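Two complexes are shown next, each including chain A; its partner changes from chain B in the first to chain C in the second.
Then we have the complex of A and B:
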């Protein structure tokens, strides 16, 4: 029972940390209306940016906000240089473009900054938190809490004036222009915000498993989270994250010893497949409103 | 003095398709003008050339000039044109379906959280009281007429001096068309707002505008005051569904040519 509880709690916390990586995906989809398959590499890049600053002696409490500023600017630059040309093009072009960006960053950033895993110490400590018989990973506990806060903040953000405009842009680009909303700026802001959340995800994951290119592999669970939760739903990120985390922890916890490991990715892929077959828009995703 | 002037405007899509071929028209301050024509005549293209929405469809103004308040609009982005007081209500309503009516209005408002916003919003709800009843539901679930009202209300939130309406009567019952046209007239009269109304429904349109242009195959073929156009026999036959009773025994078996094509 303690084993099950441990898998459950740690799985849920890991899931919340997945939510953190997935949040950027949803932010962009909810405001620009395009999927961002580069989110994994953006998280990795964010972790590298913070690590560079920390390793050259900048204290953490400056490095993280500075990293956020850098990644916000990075998002704006991506919009200006790449996405602005995609206006009026089919969505598949944007999908391919972001996928290309993912591959480029995966190679480029570790290539330039070193591919051996670097440690990023947040001062959280590695001793597990012990609750009765259950051992809880301290980094995941902190990460899960921060994920909850950030998801709450995003929910509030989309109720603001700017947030409403971003949602309008995701609904219809042309009518946004027609009422004077700058679609380009809105997309830029959404990529910038995704960059900011990527800093949080990158720093937490980086401290949990070290900063190297494998951070970009977070794209895979993040995609599972958004597909399960609903690609444009902020609460969906939370629920999807917890479900993906729990299933990806409990099932391998019992199965791995029989099949020799590696079932977590299988579980994640199955989640993606089953969701698309049973409920293509996810748990909380919006259905397209069709009126005749 | 006219507020909006199009001089010999030519629009080409995809670098090959010539959609409008030298359209010239004028809309004066506070004037209500219609642009009539059938499907594919170039009405929507003309509006998009004015509002700057040709880009996403890979269209380009290749000749001529669009001036607003004496300044050329070409080369300015759509949001900038909206800020200068032009607004375009798109064909097919195109409201933000996943937002509530209220959020639709918020999205179109440029400024901050000020009293002016509340004033404008109350004004919109006075024109369209029906929207207020549906304030909580997603705009995508509103009826066609309500969506059209919302689209117009949303455009009014940009504080325009010229509103361009692309087929507001599309898919609406005659009664609703009358209601919406009545409101457009009221807005035009009360706020001294210029209106450029693009329509296929010539009969209803010519009753409310002061002047009209007739566009066919990307060219303006006729223009004049609403009365003159209404009295024109060709307009009557081709756009108003015939003026008097038709004696079907005497209907000739060839299609009459439009006189202006000769």
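Then we have the complex of A and C:
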């Protein structure tokens, strides 16, 4: 029972940290309708940016906001230079463009900054938190809490003036233009915000497993999270994250010893496949009705 | 210049239905074919084995994928898994005692069967969701291959291909392996060129352009999509088997990973969706351009002209490959086939400016 609880709690916390990586995906999809398959690589880039500042002597509490500013600008630049030109192209082109960006970043960033795993110490400590007879990973606990706060903050953000504009843009581009909302700027802002959330995800995951290119593999669980939760839903990120995390921790916890490991990817794949077969728009997603 | 035409004019239906409508095109195709067949005598074995042979096989793979993506418009991000199914089942069938020729066809059928099951699961959805579903297929097949020792021979094992003969010719020398691969590529090319002229091919194009509209004019969308998945997966499965026997000769699961799927999609896109010549050009470009550019820059770095670290050089193929995909999508979304077409049209009417074709 303690083993089960341990898997459950740590899985839920991991899942919350997945939802950090997934949040950027949803922000961009919600406003621009672009599936950003480069989000994993953006998280990796953000982790490298913060790491390089910390390693050159900048204190952490400056490095993280500075990293956020850098990644916000990075998101704006990517949107302006690459995605703006793809408006109106079929989805395969956009998907492939973000994948190309993913491959480029995965080569460029470790190629320039070094590919050996770097440690990023947040001062959290590695001693597990012990609750009864359950051991909880301290980094995951902090990460999960921050993820909860951030998703909550982004829910609140959508009630502000800019957030309202973003919601309007996500509803309908043409009507937003008609009432004087700059759709281009709103989409740019959503890319920048995705960069900001990537900094949080990158710092937390970087401190949990080291900063190197494997951070970009967060894309796959993040995709499962958004598919399950609903690709344009912020609360869906939270619920989807917890479900993906728990299933991806409990099932391998019992099965891995029988089938030789690696069940987590299978669980993630099955979540994607079953969601698409049963309820393609996810738990909270908006059902698209295709008009002829 | 080479053509001396002021456009393409047909006076009979026969001449309009021809695959290569201009004599010069026909001569080009024959010349390329002769060069391709004679390649083992023209190219050193090193280049044949490490550049020409993989180019031919990956072109066949790109052709199989472009039938699904270019003609039927169904996205597939797990095509390497289909090829893995073909490769592994052909090896096990031959080990089981099935003749190689029949094993090739059977492995294609197995790949087609499994590919169609996943296709059917994903066919309720389109676009992005189809990408995700086929992505999930890639991971599932990878996992099954790695974790069932009966298939892969263990997680880190390599499976050697047994010695085989094709139609009583021993397929072990480099030249014979190359000719087998070339034969398959030519067969696929002929199939692809001709399927465009059949009702099946036209149904595929109708589905790609708008499936409701296709349904209205009497094309069953589900059936046609399934047939597209089946045909394409069959071709992919046999290509996977050819890849295993003619090129790798020892198969490991990593050779059919997620990155290979992306590479295949990149070949199709860089070449130009739904184009035959594009599949060949795209496969060659995606396969060879990063190698040549990396060698070039490594040579410049070795001579001390540009300061580049070893670490950067090892990541350079990835960088070039990513930049290539982005560059093509931004500047020539129709791919190398369109560039070829532009050049061809320019020379078609050379002293003049505008072609009517």
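As a working rule, the second predicted complex is superposed on the first by the 287 of 292 C-alpha atoms of A that agree within 3 Å, B and C clash if a C-alpha of one lies under 4 Å from a C-alpha of the other, contacts with A are read in each partner's own complex, and residues count from 1 in each chain.
Here, a contact is a pair of C-beta atoms (placed from the backbone, for glycine too) under 8 Å apart; a residue touches a chain by one contact, two chains touch by 3 or more.
This one's a predicted model, so the numbers in the text were calculated from it and none came from an experiment.
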item: Partners on chain A (chain B, chain C) - clash or fit; value: fit
item: When both partners are placed on the shared chain, which of chain B and chain C touches more of chain A; value: C
item: Which superposed partner A:269 touches (first chain B, second chain C, both, neither); value: second
item: First (chain B), second (chain C), both or neither touched by A:286; value: first
item: First (chain B), second (chain C), both or neither touched by A:93; value: second
item: Which superposed partner A:227 touches (first chain B, second chain C, both, neither); value: second
item: Vertex chain A, arms to chain B and chain C (CA centres, degrees, nearest 10); value: 80
item: Touched partner set for A:168, first chain B, second chain C, both or neither; value: first
item: Contacts of A:55 with chain B and chain C, given as first, second, both or neither; value: neither
item: Smallest distance from any CA atom of chain C to any CA atom of chain B, in Å, after fitting; value: 15
item: Chain A positions touched by chain B in one structure and by chain C in the second; value: none
item: Contact footprint of chain A on chain B as seen in their complex; value: 51-53, 55-58, 77-79, 82-83, 87-90, 94-99, 103-104, 106-110, 112-113, 138, 140-141, 144, 154-155, 157-158
item: Chain C - residues contacting chain A, complex; value: 69, 75, 121-122, 124-125, 127-129, 131-133, 135-137, 139-140, 142-143, 146-147, 155, 212, 262, 265-266, 269, 311-312, 314-319, 321-326, 329-330, 333
item: In the complex with chain B, residue positions of chain A that touch it; value: 87-88, 161, 164-165, 167-168, 171-182, 286, 289, 291
item: Of all residues in chain A, those that touch chain C in their complex; value: 35, 82, 85-86, 89, 91-93, 95-97, 99-108, 110-112, 114-115, 220, 223, 227, 231, 259-263, 265-266, 268-270, 272-273, 276-277, 280, 292
